[in-house]
Amino acid sequence: MAEIVSLAEAIGQAVRDGDAVAMEGFTHLIPFAAGHEVIRQRKRDLTLIRMTPDLIYDQLIGAGCARKLVFSWGGNPGVGSLHRFRDAVERSWPGPLELEEHSHAGMANRYVAGASGLPFAVLRGYSGTGLMDPGHQHPSIKPVTCPFTGEVLTAVSALNPDVAIIHAQRADARGNVQLWGITGIQKEAVLAARRSVVTVEEIVPGLDPRPDAVVLPAWTVSYVAEAPGGSRPSYALGYYDRDNDAYQAWDPIGRDRDRFRQWLDREIFGAARV
Amino acid sequence: MSDRTAGYTADEIMTVSAARALRDNTSCFVGIGLPSGAANLARATHAPGLVLIYESGTIGTKPDRLPLSIGDGVLAETADAVVSVPEIFNYWLQPGRIDVGFLGAAQLDKFGNINTTVIGGYQAPRTRLPGAGGAPEIAASCREVIVIVRQSRRALVERVDFVTSVGQGSGPGSRQRLGLTGAGPQKIITDLGVLEPDPRTCEFVLTGLYPDVTLEEARERTGWDLAARPDLATLPPPTDTELAALRSFTTVGEQGPDDR
Amino acid sequence: MAEIVSLAEAIGQAVRDGDAVAMEGFTHLIPFAAGHEVIRQRKRDLTLIRMTPDLIYDQLIGAGCARKLVFSWGGNPGVGSLHRFRDAVERSWPGPLELEEHSHAGMANRYVAGASGLPFAVLRGYSGTGLMDPGHQHPSIKPVTCPFTGEVLTAVSALNPDVAIIHAQRADARGNVQLWGITGIQKEAVLAARRSVVTVEEIVPGLDPRPDAVVLPAWTVSYVAEAPGGSRPSYALGYYDRDNDAYQAWDPIGRDRDRFRQWLDREIFGAARV
Amino acid sequence: MSDRTAGYTADEIMTVSAARALRDNTSCFVGIGLPSGAANLARATHAPGLVLIYESGTIGTKPDRLPLSIGDGVLAETADAVVSVPEIFNYWLQPGRIDVGFLGAAQLDKFGNINTTVIGGYQAPRTRLPGAGGAPEIAASCREVIVIVRQSRRALVERVDFVTSVGQGSGPGSRQRLGLTGAGPQKIITDLGVLEPDPRTCEFVLTGLYPDVTLEEARERTGWDLAARPDLATLPPPTDTELAALRSFTTVGEQGPDDR
C-alpha cells in the first residue's frame, strides 16, 4: 500500500546501492526530480534501466551512479548526442559502463513479460541485426520456436527491476496514481518492479476520470511523493511544456567534464533538498 | 549545388522529395528529425489523408508544428488514438499493417542496411551513436521503408560498421531468409537525389538527381562505386507551395543526423 | 478504410459460409443486431469464436449457423445454462457442434497473438487441468520452454478470424470507431481479423476524447453500420442498461426447441431488415 | 437445518461466513454469483478496504448493488481502474499480486479440484456445464483461493468428472509439481459449514459447522468419507448487521450453481 512521503524519504527507502533501477517516462513525464535526488543521495553501482536514457541518465552516468546501462536509444532528442553517456562508453569516464542494448520493441516486451509474471516475451525482432550477432554475445536475446508452426522467433528475457521510478500528474490522498497523455511504458515498469516510487505534480482529494489516462491503484505502488515540476525539462501534459531550450542548453554542459562538474555542484549538491 | 542561385537549400529539396514519396491515404511510421519534417510536409500538401504514427504511441497525429522529439505533447493532443509503447510495437507495427516506415541514418551501405549504433568496433567504438530505438522493427515490419540521409562518404559506405536495422541485407533473398515480413528500403532520399534498389542485385543505384547536381558529385559523395540507372532522371525542384509550407515549420535542418 | 453501409450490406459483404467469425463484447456491447442479421442471411458452417457465447451464440447455434464453437465460458450470466448450446453438445441438435475449449486467459492471449502478428502467445495456464489432458487432444495448447530459465510454460496458438464483429457506442463520419466502459477484447479481435464489421449506436460528426475509451481508426475497420440498440439485451454504457429480465426470459425459450423455432420466426425472420 | 427457527436461510449464513473469510485491505478476484454476493457483503461490513477485481477488467470496483454478470455497467462506473481483458489476466492475475481468488463450483472433490465443464464424459457429457471462464487461472495464480458451494453429494464428490480448475491436485506437492504459484483452495464454505485442507494429506476436512447443523447431516451431504477436525467448531450465526446488509442487496439465492 502506497506511503505518501517526501521525495528524499522515498528515494532513501526505495533505492539501495547496487539496485537495478528503472526510471521511465517516454519523452513525457521523465522523473528528473527523483533522478536528481538519487544523485544527491550518492547512490552507487546502479544498473540503470530505461528505453531512452535522455538527459536524466546522462546526468546519473556522469555523476558516477551507474555500473551498467540497459537501454534502447541513448540520444538527446532533437539535439544530438548524450556526451556523458558517450564519455563513459568511449573513454570510461567517470568509470566503465557495461551496456545491455536492445531495440525499443525488445525493451517494451521485456517490461511486459516482467509485469506479467513471465520469464520471457516473444517478438519479431533482432533478426539479422548486430544485436543478434554471436560475436556481440547477448544473454537477454535468444531464438524461440513456435510449437505450432515451427517458425523461429525472438525471445527476450523479462525485466523485473528492484525499483521503478516514474512521475505522474496526480495522486489522491490514498495514493492512487493517475497519469495521462503519452503514458509510454510506466505501468509495465511499476508492475514489473519489486518496489516503486511515484512523484506527482500534485496530490488531490480525488481522481476524476480522464481520457487516455492510466491509473495505478495505491496497493501497486510503494511510495508516492509530491514533486511539482518534477519532470522538468521534460513535460507534464496539462501542467507545463517540454523545455526544448534546456535540452539544447544541455549539449555544451554535457560535452565538457568541468562544466558538467560545475553543473552537479550548482544544480544538485548545491540545491536545497526537496 | 548552389543554394544561392536555386532559391532553396539542399535540405529543403531533400525534404520536399521525401515528402513527395509519401502517397495520400497511407499510413507512415515516422522517425524523428528529417523524416518527421518530410512526413508533415506531405500531410500539409498533397497527402492530407496520410496517417502519421510515432513510436510514442500516437496514431493519426496532426501536429500543427514540428515535434522536436517523438513524444512531444502536440502529438498526443492531436492524435486519433494514443496507445502504450508495447501496444504501438506489438499491435500496430509488428503485424505489418503500416504502409511506410520512414527512417534516418547515421551510416548506411549499398544494400540500405542502417547503422545508428557505433562508428568503429562495438566494444571500443570510435563514436558511440544513440542506438536502435524503434528503427530495427520499423525496418523489419513496415510494408516498405524510405530512408532520408544527407549524402557523404562518411554516411554512405560500402559496409556499415554495425547493422542496427536490416535493409536489403546481403542482397537478393536475404530478407526472406531472415523472416522479415516487409519489403525493406525502396528509396534512399538524399540532398543530391534519389537512390533505389536494383531489382536484380538489391544494390542501391542512383535513379534521380536534383537540378544542377551532377552524377560525378553524387559519386564523389558516396562510399561505394555508385551506379546510375540509364534513364537517370532530373527531379523537379520544389514548388513555391511546397517551400512555403516547409518554411512555415520549425526548420528541420537544425536537427542532427542521429536524431530520431 | 472503413465503408459506412447498412447492417445487412455489412454482413452480406463481410461474412461468408464457412468463415471463422468472432463476435466479441465482454458482457458489455455484445453485437446482437449483427448476430441476428447473420441468422437472417442464413449463413452456414461458421466457426463461431467468442470468449462468452452468451445468448447471441445460443441463438446462432440453435439456428444452425455453426459448425464449430471456440470459447471459454458458455453460460447465461446470472441465470444458468445456454440450452441451445447444451442441446447441440448433448444431443447434436440441430447438428453436431465441434468444440475448441479454452480458459478466458487462454482465449484473451490467443487474440493478443493474432493482433500482434505472432503465431502463439505464452501464459501460465492449463497446467493440471482437463484441457491439457492428452486424452482430450487439443491442437491449440502446447507446452513451451523458456529459453532463459528452462521453465515450462503454456503456449496457445494465435486466433486470426476471417471476420470480427463488434458493437461500439459511436463512430465519426470517416468511420473512426470509439467505445468505452468495459472494452474487453474487442480491439484485439478487430486487429486480429482479416475483415471487420462494427455496428454503432450512432454516427456523430466528431469523436471527443472520453475516459476509458478505445479508438479504432477508420483504416483498421472494414465496415461500419449504424444500429441503434444493436447490443440489446446486453448494454451500451451511456445509452442503455443491461436488460436482465430478457436474460431471465431467454431461459424457457432456449429450453424448448419449438419455442425457440417460434422465437426465430417471430424475432428474426419475421422482423423487418435493419 | 430449519430456516424457520434460525431467522436466516442456509444461503444467508453461507454468504455471511464466506464474507467473514475475507480480510480488510486485501485484494479479491471475484467470481460471479455466490462469491460476488459474499465479497460485496464483506466490503459493506467489516472490510471497507477490500479491493474487488472482476475478470471484466474492473479493478477496485464498489458496486452499490450486486452485479448479475461479471461485466455489469455498475462495475466499470465505480472502479478505480478499468483495463482490457488481456491486461486483467496478464498484468493483474498471472503474476500472483492478488491475495484471494473467490470461486463457485458445480462439482468439487476432496482435494478441492473444481469442475465447471461437464458431468459425465467430455466427448458425450450427461450435462454440459459452462466451462472454465477465468477460474483455472484464478485457482492457479491467486495467493489463496476460497470456494463457496451448496453442499450435496452431487456437488462434493470423491473425484470430479473433469478438472477445470486445479485445487490441491492429487495431494501434497501436487501444485508445486504443476508449477502453480498460489497456495490453492484454503477454505470451502458451504451452506452447512466450513471445510479446510488437512495440512498433512491436503484432503478437505470439516472444521466448522453452523448452529443446528449436525456432523451426520454434513457427512450425508458429502460424496466422500468426510472427516472432521477433533476441535470441530460451531460457527457463530449471522449478526443483525450482516443480515441487514445482505438483505439490502439483490438476493444472491436467485442465481444457480453454475453462474460465474
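By letter and in written order, the chains are A, B, C and D; residue numbering begins at 1 in each of them.
Please note the rule applied: contacts are C-beta pairs under 8 Å (C-beta built on N, C-alpha and C of every residue); 3 or more make two chains touch, one makes a residue touch a chain.
Remember, predicted model here, so these are calculated numbers, not experimental data.
When the interfaces A-B and A-D are ranked by how many C-beta pairs touch across them, A-B comes first.
With each centre defined as the average position of its C-alpha atoms, the distance from chain B to chain D rounds to 58 Å. Work out the mean CA point of chain A and of chain B, and you get 28 Å between them.
Distance between chain centres (mean CA atoms), chain A to chain C: 39 Å. Contacts with at least two other chains are made by residues 112, 117-118, 123-124, 151, 187-188, 212 of chain C. Each of residues 90, 94, 141, 181 in chain D touches at least two other chains.
Viewed as a contact network, the protein chains fit none of the simple shapes, being neither a path, a ring, a star nor fully connected.
Listed by label, the pairs of touching chains are A-B, A-C, A-D, B-C, C-D.
Chain A contributes residues 117-124, 139-140, 142-144, 146-149, 151, 153, 155, 157, 209-213 to its touches with chain C in the complex. Against chain D, the residues of chain C that register as touching in their complex are 26-28, 51-52, 71-75, 77-82, 85-86, 89-90, 101-105, 108-109, 111-112, 123-131, 133, 136, 151-152, 181-185, 187-188, 212, 214, 235, 237, 241-242, 244, 247. Residues 1, 112, 115-118, 176, 187-188, 191, 215-217, 219-220 of chain C are the ones that touch chain B when the two sit in their complex.
Within the complex formed with chain C, the chain D residues making contact are 32-33, 55-58, 68-73, 75-77, 82, 84-86, 89-90, 93-94, 117, 122, 124-137, 140-141, 162-166, 169, 174-175, 178-181, 255-256, 258-260. Residues 25, 27, 51, 59-60, 80-81, 90-91, 94-97, 141, 181 of chain D are the ones that touch chain A when the two sit in their complex.
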